[in-house]
């Protein structure tokens, strides 16, 4: 019966029933006129969610990893230099992909728990006077550490240094849940997937390109076929797709955008902030701290919680799964065993969040950690009470 | 988004996804050979859940109320005397139905919060030396007050007084969730519905008859057509149904019985007890008391919680719905405004129960009640921790 | 794999996926504000489908049979005289129910295959000068014989004879599929279910009352509790229901009405007529005849097809099921073994109808009947071709 | 309402409801122990469907096109020579992909409608004495022309010439529907997708590798990251996945394999043959011919039908869609406008096939082609009657 509990992993997220249904379509002929309508609506919806009026949105039957490959394979050439910082597992993996593609990655090492080093980026860019650096890779929200970085700052660093490098942003665990400003931040390629803020099953890799990124496609010589945005663009123009599309997921994406935009992106962001603040209040009440170093780095989609020295944080995850049927995220890479993660993005209510907090509490007490039952819940309740709809006293 | 929270009403209950799917069948010809197979399996399953090897199970496209009517219209004649006690809204309604059918109901008034008056029943039955009383009506679990009565005791009263009256038991909010012994208790008609312990949508009225009750059908002269068990029996014998059956719901009922029996009825009952004890621990931590007067009356499927004098308990229900998107049960009849109810039956996990407790807590604090945030949750967590699967320390 | 074929029984009908989903709701608190909204919308929708602005629509967790009981139990008293004709299995069953309720039914025997005897009705009503007859029962569409009767004619008979009897119409297999004029025909109680023209699972009995019928409720003394429209009305007024409603089915009914009204009732009726004409053309091509005696009696929802003398028509039904996985309707009662039935109502396309015709053809040839493969299909194709959307030549 | 008609495109195919449900899972933590179980079961199932005990099955969130890329990018190096024949749109596209990857493709031109030129392949391979050719690409079933080629023959050509080239087979529209012998044919990489014989939504690219192909992975230098089978293999070994998997689709794939293996692959193949023969009988009755030149080339999954000179075959497809709500496949590439295609693979019954044939017939007559209504249906009925389950005369 445990399947009925919500999950608290940082994606795939809990799915609203309406979106599961939108994905579960009977077979539709993707060469009929129905298909381009829903495809274009989904692409338009994603553009709006990205706060953009110009982004060219490409959607692949793939994942966020495919989105990373789409970004680099379409815009760069073997040996091209790119700038990136490693501040968690996912920035690490994107860097690794670049290296395997034969790119020359200048990696800035950053402590896990820190954000992207905007000042260092600016320094490096200023020093690159002959503009060898073709692209800057920026992980907006490090899912492994629960750290949100300052993408506007990276744009400022580029502008301040007068550097023409492309700005690639991994927004896999931020887009649709935390403010993301494709146009205002001058993003050149934004990458995401279907299974986080869009509250859908995994299966779509999404890459949004600026005009500048599209121009780079023409000269880029890295090999690509499946992820070639030119084939994709040609398909879209002809009202179709270069191969068989995931019609159901695309329909789900369209409905997900409608659902987000109906709620209002500001309300969506505020909801994520409120729920995250409840979780953080609980963590404080437990006497524990976040992996993220400072409040301005706190992610509103995932919290990585440091456990005491000598305690294997992974035990909380496996015990919560086994004893209570609730999934949390384990620590990855450098912070494996040191943190456990509570995902709080996507389709989540305050009430659901409280059940996750209560479960984490039980699991920690079970495992001998010095945590007071009910303490985190009470702290979160205080947050949720203050921010819930004002009491309709008059009506009662 | 509130639809994703579990409900905490005392039925209809939360439905496991597998059962929703079992109900959602494509159109199946109910005159084909598929139908009698699933019908008979469902009837057999219900018999087993009732702890019976003899009950003849009739299933109507209807509700528990239709089950009440099935019990009396098939076995009694106009003017027949029946004995019943009024200890809550649902016993009251069944009595009312009897009176509208022209039966002569001897009603024992009982304070709401008390159980059925077994001793008084025995007294009345002893005094009825010429056996005018044809049936005793017994509400196993009063959903309005959260009171479980002693059906074995009622059987003992009948036996001790050597009285041949039929024993009719309303098990709508007990069957499938709390021990129910059709054979051992000598029940003659047991009534229930699909939407409680069976975790299905409403839409089925279920009435199980003993051989003695079936014998009474032959002489009973109350009018019945839709609810005539003779038509139903004739349909079953012919591998069909007297009219168009709810094939999907019957399939769901079959699957629900399998699900309960796979878990094991003892485990199902233990789960309900554990979850109920957590809820009761929370209520104690809030400094509040149950409508049910004594521990042996406590229901494991619903708790009716008394709120302080002068406070309208209905406000908790409406505020929880409006502010947090969580449904509780309001007080009904004599206890309207005096209690609110937490339903904790059907498809529920400890984790889900904690979210309900946390929500009730917030709602009560919002409304100015003297309740400590987190206090009920902590009390319930203590219960759930102790009873959850023992920590697999070795493996970790 | 046979489940994927459409069914061709005269109900339950094939269900559009959108309606299955509308029925498959998660648990919704039926005491919350969501419920009365969907209930009232469904009641309003049914009223519109009935072509009425005055009908008071009552919806029971039940079936059409429950609707029959609702009609008579709420308006009549023991010993009341009612007038009815027996021209098929379903009119027969309704008469039987009346007799079991202690009503005095004046039954006009009619050959199966004929419609209601309007002239005889008028004669009988004229002779009933002291208005002993309290109600006339009229089966609009005899599902057993595929005969549609003239309800407007029955109304005329009542009016011409100046008789005040109530007019009860069984519209189970006509409402939502063939024109039904509650107001224009002066219907007093119209009865239907969810599983025919509304394209839903079985589980709802629907009874619509005129003001005159509602007035009769006050004086009627037949016993009723579950089907008491006064309890139902009281529930509706309070924004609820007298017992636990089938929330999902009610939501489905609301969506079904929207679907029908969006298509437009005239278009719905025209679609049923077109598909029925194709089926009838096929029957003609097979050299067979309908049970219905004359074209003006032909039903647009079900065709009962006479098979040659000495041939057991039931073999077609069982062979089609076993060999091809397709369900047809068998003959019932007086025409058992003499006819088989093709249901062509509800959610059906011309293309689906052709597959049913093709299957019937194969089954008949398999069983040695003198039928030409493809002949019925060709005849139906000719009908469907002429009536399909005109060929968009210009665009091509 | 047209969505309720089956589709007759050569994939995505009609989906059994059980498989749609298997795909529509609630969120499951892909790092929990549930995931590797279903992943391994799906991989094992695919291996069995491939008639292999050795194939290493890799499954990507992708499509068949991604499978093509997986085959070549993992096993070849820039400039490597490969041998292929172009006999339809899909062989053409795979060749194009190779060229874009910088491979040196020796293309044998073949008339569309012909199979792979086994003799020419053998000749070329014999001439390639220093084994410059690293791989032979073979499209088992050309979806564009409805031509099935002789893969065993290609293997024989390789063996006869003593050539060590890898054998890559595109089985996208054959695997799971027509005999495919991974081991017996010595296939090195077999490619398919989820949306054809597996009767699932699009979204999975499947590539099965022989030990020899896996050995080639070690030395191949074409760039790959998303499609790198080494990452995938490493993920599998660790009980996981290199990125976020499509859990629902993988579960669906597992269920699809079970469904196929429960039916028995021989029965599945026989069913496809029977349905295809009915379609071909219809085509013959229409006086038309297949694009496939000879019976031994006839595909059992798709028929491409030549329309008369001067007639635009695409009109049949668009008219059937617009007037009857039925999807057929249009001609692609060299045969665009010259053929239309009937897909007859996946979840299809004889009865469904008849409705497709009947619709094609109506559409052709509407458009003025010299076709007799009912003629194709009758021809197909004759096929289906003979091959349906023998008439159970005794029982009747």
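As written, the chains take the letters A, B, C and D, and residue 1 is the first residue of each chain.
Heads up, the rule we're going with is that a residue touches a chain if its C-beta (ideal position, glycine included) is under 8 Å from a C-beta of that chain, and two chains touch if they have at least 3 such contacts.
Bear in mind that the values here come from a model prediction, so they are computed numbers and not experimental data.
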Shortest chain-hopping distance from chain B out to chain C: 1
Farthest-lying chain, centroid of Cα atoms versus that of chain B: D
Repeat of interface B-C, chosen from A-B, A-C or A-D - more than half of residue-number contact pairs shared: A-D
Approximate Å spacing (C-alpha centroids) for the pair chain C, chain D: 46
Chain centre separation in whole Å, for chain D relative to chain B (CA means): 54
Chain D: positions in contact with at least two other chains: 3, 14, 17, 26
Contact set on chain D toward chain C in their complex: 1-6, 14, 16-17, 312, 315, 318-319, 322-326, 347, 349-352, 354-355, 358-359, 361-362, 365-367, 372-375, 377-379, 381-382, 384-385, 388-389, 391-392, 396
Chain B contact footprint on chain C (complex, rising order): 3, 7, 9, 11-15, 20, 23-32, 61-66, 69, 97, 100-102, 193, 195, 201-203, 222-223, 225-228, 242-249, 321, 327, 329-330
Complex contacts: residues of chain C adjacent to chain A: 17, 21, 26
